[in-house]
Amino acid sequence: MSEVALQVALDIPNGSYVNLGIGIPELVADYVPQGREVIYHTENGLLGMGPVPSADAGDPELINAGKKCITALPGACFFHHADSFSMIRGGHIDYCVLGALQVSADGDLANWSTGEPNAIPAVGGAMDLVAGAKNIVVISQHSTKNGEPKIVETCTYPLTGKKVVNRIYTNLAVIDVKDNRLWVSKLAPGVSFEYLQANTGAILQMESDC
Amino acid sequence: MSEVALQVALDIPNGSYVNLGIGIPELVADYVPQGREVIYHTENGLLGMGPVPSADAGDPELINAGKKCITALPGACFFHHADSFSMIRGGHIDYCVLGALQVSADGDLANWSTGEPNAIPAVGGAMDLVAGAKNIVVISQHSTKNGEPKIVETCTYPLTGKKVVNRIYTNLAVIDVKDNRLWVSKLAPGVSFEYLQANTGAILQMESDC
Amino acid sequence: MIDKIVGSAKDAVSDIFDGAVVMISGFGEAGSPIELIHALIDHGARNLTIVSNNTGSGHVGLAALIANRQVRKMICSFPRTANSKVFPELYTKGEIELELVPQGTLAERIRAGGSGIPAFYTPASVNTPLGLNKEVRVFGERSYVLEHALTADFSLVKCRAADRYGNLVYNKTARNFGPIMCMGARTTIVQASEILPLGGIDPEIVITPGIFVKRVVHIPNPVHESVLVAENRRYPW
Amino acid sequence: MIDKIVGSAKDAVSDIFDGAVVMISGFGEAGSPIELIHALIDHGARNLTIVSNNTGSGHVGLAALIANRQVRKMICSFPRTANSKVFPELYTKGEIELELVPQGTLAERIRAGGSGIPAFYTPASVNTPLGLNKEVRVFGERSYVLEHALTADFSLVKCRAADRYGNLVYNKTARNFGPIMCMGARTTIVQASEILPLGGIDPEIVITPGIFVKRVVHIPNPVHESVLVAENRRYPW
């Protein structure tokens, strides 16, 4: 997924405040283009998150939302949880990059629970993030490990938020959610629109300039 | 009013967090008994307010709610207005000492406006203080300059809060508000209950041990 | 590179438009961004709604902005000042509007605006004239009024020091409304007495994270309002 | 004289009663007051409702408290942990209750509890399973759910340094829920790695004002949960 993460990073403007979800979204931080400054927010209380430290240099009290050791860059600041979610809920975060279980044609996101009866439900900050960040970007494999589409007409898993996703980056394409429809704005090298459509559970539109 | 202020100060336990209103209440800070520590809160962002500095030592950015220069004692801390009123509204202030225009028999307080048509209304933090502090104590002259009672059956001025006053300290007596009635717990030297009642606009009860 | 430092107060306020809602920090003179207010007077935007705890002193700063007839409406908790008749005179003539808000409610409404909370309940003003016409609701055995968030197009805020990311620290009780007003506006403009390099402010002691700040102006030696008032100065000079 | 320093963790938690609501700071191990939690295990109060973001790791700290069957109900945002089966096993058997709350809503409910705000509206969880059975209200063109304040009988909080008034500073991202949990409880009990003399904390950098703190215990070298988990330690030892 590193090429997809690069694509996401290229689309984030200089000066953006960005929250990265746990897992694949964390890869995005590795690809900030030269000359650009992006400030990473981690909801457990840090703006200005830097790279993962070497194995023996980690501080167990300096971690990210995924509870991994990280670093703080010059110009960073610490704050408490209510202030952190004021940033999120108050619309101050420019981009939030999240993983997904499913995304629907009108931008519904399911990424916190498969709804299985025995699953321990755990939501973290995902519902606040999708409600508050200015742009919600999903980065994900296009299909599940079993080959099922993750982009669907209607989510079958419990929702994280309704009509919240603005853009989807997968290993096959970049897809914008606009006017309750899915617009393909970029195809990965060697991927045809027909192949993409065949592997997607919702109807796709082609951007005219794509 | 300095003897009344002393009486208020004597009744505030060690370790209390105390907010003093503008004017006569400020006198209370001069009388903390030996061996006691009381922490003064000023709603514009300071816990640990100390005495007024000498005339040439004032810092215009270190002021109290009355906008007078003050000092900060060791152990003080600064905070912003929302945090300051979290302390007040959240019930963390033990005593709030306020002035009064009128207090009613069931503890209604009027202290922010005479309701005159030409008056510029100004409320400050009084309504938050009476709603939030654990004990609301009034310190006041017993009567107005024109000799009218300030303690009345029903306030005629606009209310600051309803059923909020716990105790009234005046130059004539100390009066508790309990069960919607006024209980005299202490008479000033030379003041008789009859004299007090004659100068009060509401019916008074005498505490049995007074 | 991110650099929120702008060259002058004039540049910093140049896009404040007629009819804008503008929050102005300060409690009395402590924390009042007087140089930014004077730049707003020079700029001349009119019909403003100003959110600020007071209405200014003498004939400088906020009082001068009001005297210059740029303010349509004040939202504040304490519009009376010992040494200024500017607001009272206009108010008595019916030439300026007033929304009087209890101070804690004002602070919480501003914080809510910056925090994505559209409304909340508070006990302040229940059973008083300021609680009239507000929705009342009982939680537990107590009554509360519904209060709505306040947001602004711009905030003008004074602080002690800033870096190029817009991280801020304040000075003593001049902090007051500054941090929450930084949160509550789409465009927050700050005047800082000192500009520090990135990392010059310990990340543990930052009071306003830069995410809440759009522009920083360096005003190394801000005037003291009380000194100007004592000298009976007027703005424009 | 005011002196909030108490001699031991044992003394500090001795009045936590059966059925109490207890907030416990921390996000993962960062900020988790593990020595206070172990004292609570020794103390033995049962039937507790615990408000904490997670449910602990391994067999120490919060996970050990749950394993010791002292917890009736968890209020948290993320009860899954990579290296602990304590909560999942009890939950699957129906032997512990769970109130799952979005993390920002959890934080705001705790702050509201400490701030005298009984309820507020938030957009988080609207149109999701966690928004079911909540009152929905439209402000502007958007829907919000009503959320109620959370308060506690006790909070257990870890910080870096404290003075005898209970003023606190924290360490990096171990700050997380600490400051708001100090506000939200009737009795806040803090473990501090360092005790400083009065005035030893600059009044500009105090994160938790002492007014929110009742007791401070000096724990000079707190254990690291992750180290204990790596060593497969169990509490009680």
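In this document, chain identifiers A, B, C and D correspond to the written order of the chains, with residue numbering beginning at 1 in each.
Simple rule for what comes next: a contact is a pair of C-beta atoms (placed from the backbone, for glycine too) under 8 Å apart; a residue touches a chain by one contact, two chains touch by 3 or more.
Remember, it's a predicted structure, so these values are computed and weren't measured experimentally.
Q: Which pair, B-C or B-D, has more C-beta contacts?
A: B-C
Q: Could you put a whole-Å number on the gap between the CA centroids of subunit B and subunit C?
A: 28
Q: Taking the mean of the CA coordinates per chain, how far is subunit A from subunit C in Å?
A: Between these chains, centre-to-centre, one finds 35 Å.
Q: CA centre of subunit A versus CA centre of subunit B: separation in Å?
A: Each chain reduced to its C-alpha mean, subunit A and subunit B end up 54 Å apart.
Q: If a residue has to touch 2 or more other chains to count, which residues of subunit D qualify?
A: 108, 111, 115-117, 122-123, 170, 172, 203-204
Q: Among the residues of subunit A, pick out those that touch two or more other chains and give their numbers.
A: Touching at least two other chains: 46, 72, 78-79, 85, 88-89, 131-132.
Q: Treating touching as the only link between chains, describe the layout with one word: line, ring, star, complete or other.
A: The chain contacts form none of line, ring, star or complete graph.
Q: Looking at the whole structure, which two-chain pairs count as touching?
A: Contacting pairs: A-C, A-D, B-C, B-D, C-D.
Q: Applying the document's contact rule, which stretches of subunit D touch subunit C when the two form their complex?
A: Interface residues on the subunit D side: 108, 112, 115-123, 137, 139-140, 142, 144, 148, 169-170, 172, 202-205.
Q: Give the list of subunit D residues in touch with subunit A in this complex.
A: 27-31, 77-80, 87-88, 91-92, 98, 100-108, 110-111, 122-130, 170-180, 207, 224-226
Q: Of all residues in subunit B, which touch subunit D in the complex?
A: By the definition above, subunit B touches subunit D via 14-15, 17, 35, 37, 39, 41, 46-48, 72, 74-79, 83, 85-93, 131-132.
Q: Could you pull out which subunit C residues touch subunit A in their complex?
A: Touch residues, subunit C against subunit A: 1-2, 111, 113-117, 163-165, 167, 183, 198-199, 201, 203-204, 206, 209-212.
Q: Taking the complex as given, what residues does subunit B use to touch subunit C?
A: These residues of subunit B touch subunit C: 42-46, 59-64, 67, 72, 78-82, 84-85, 88-89, 113, 118, 120-128, 131-132, 158-162.
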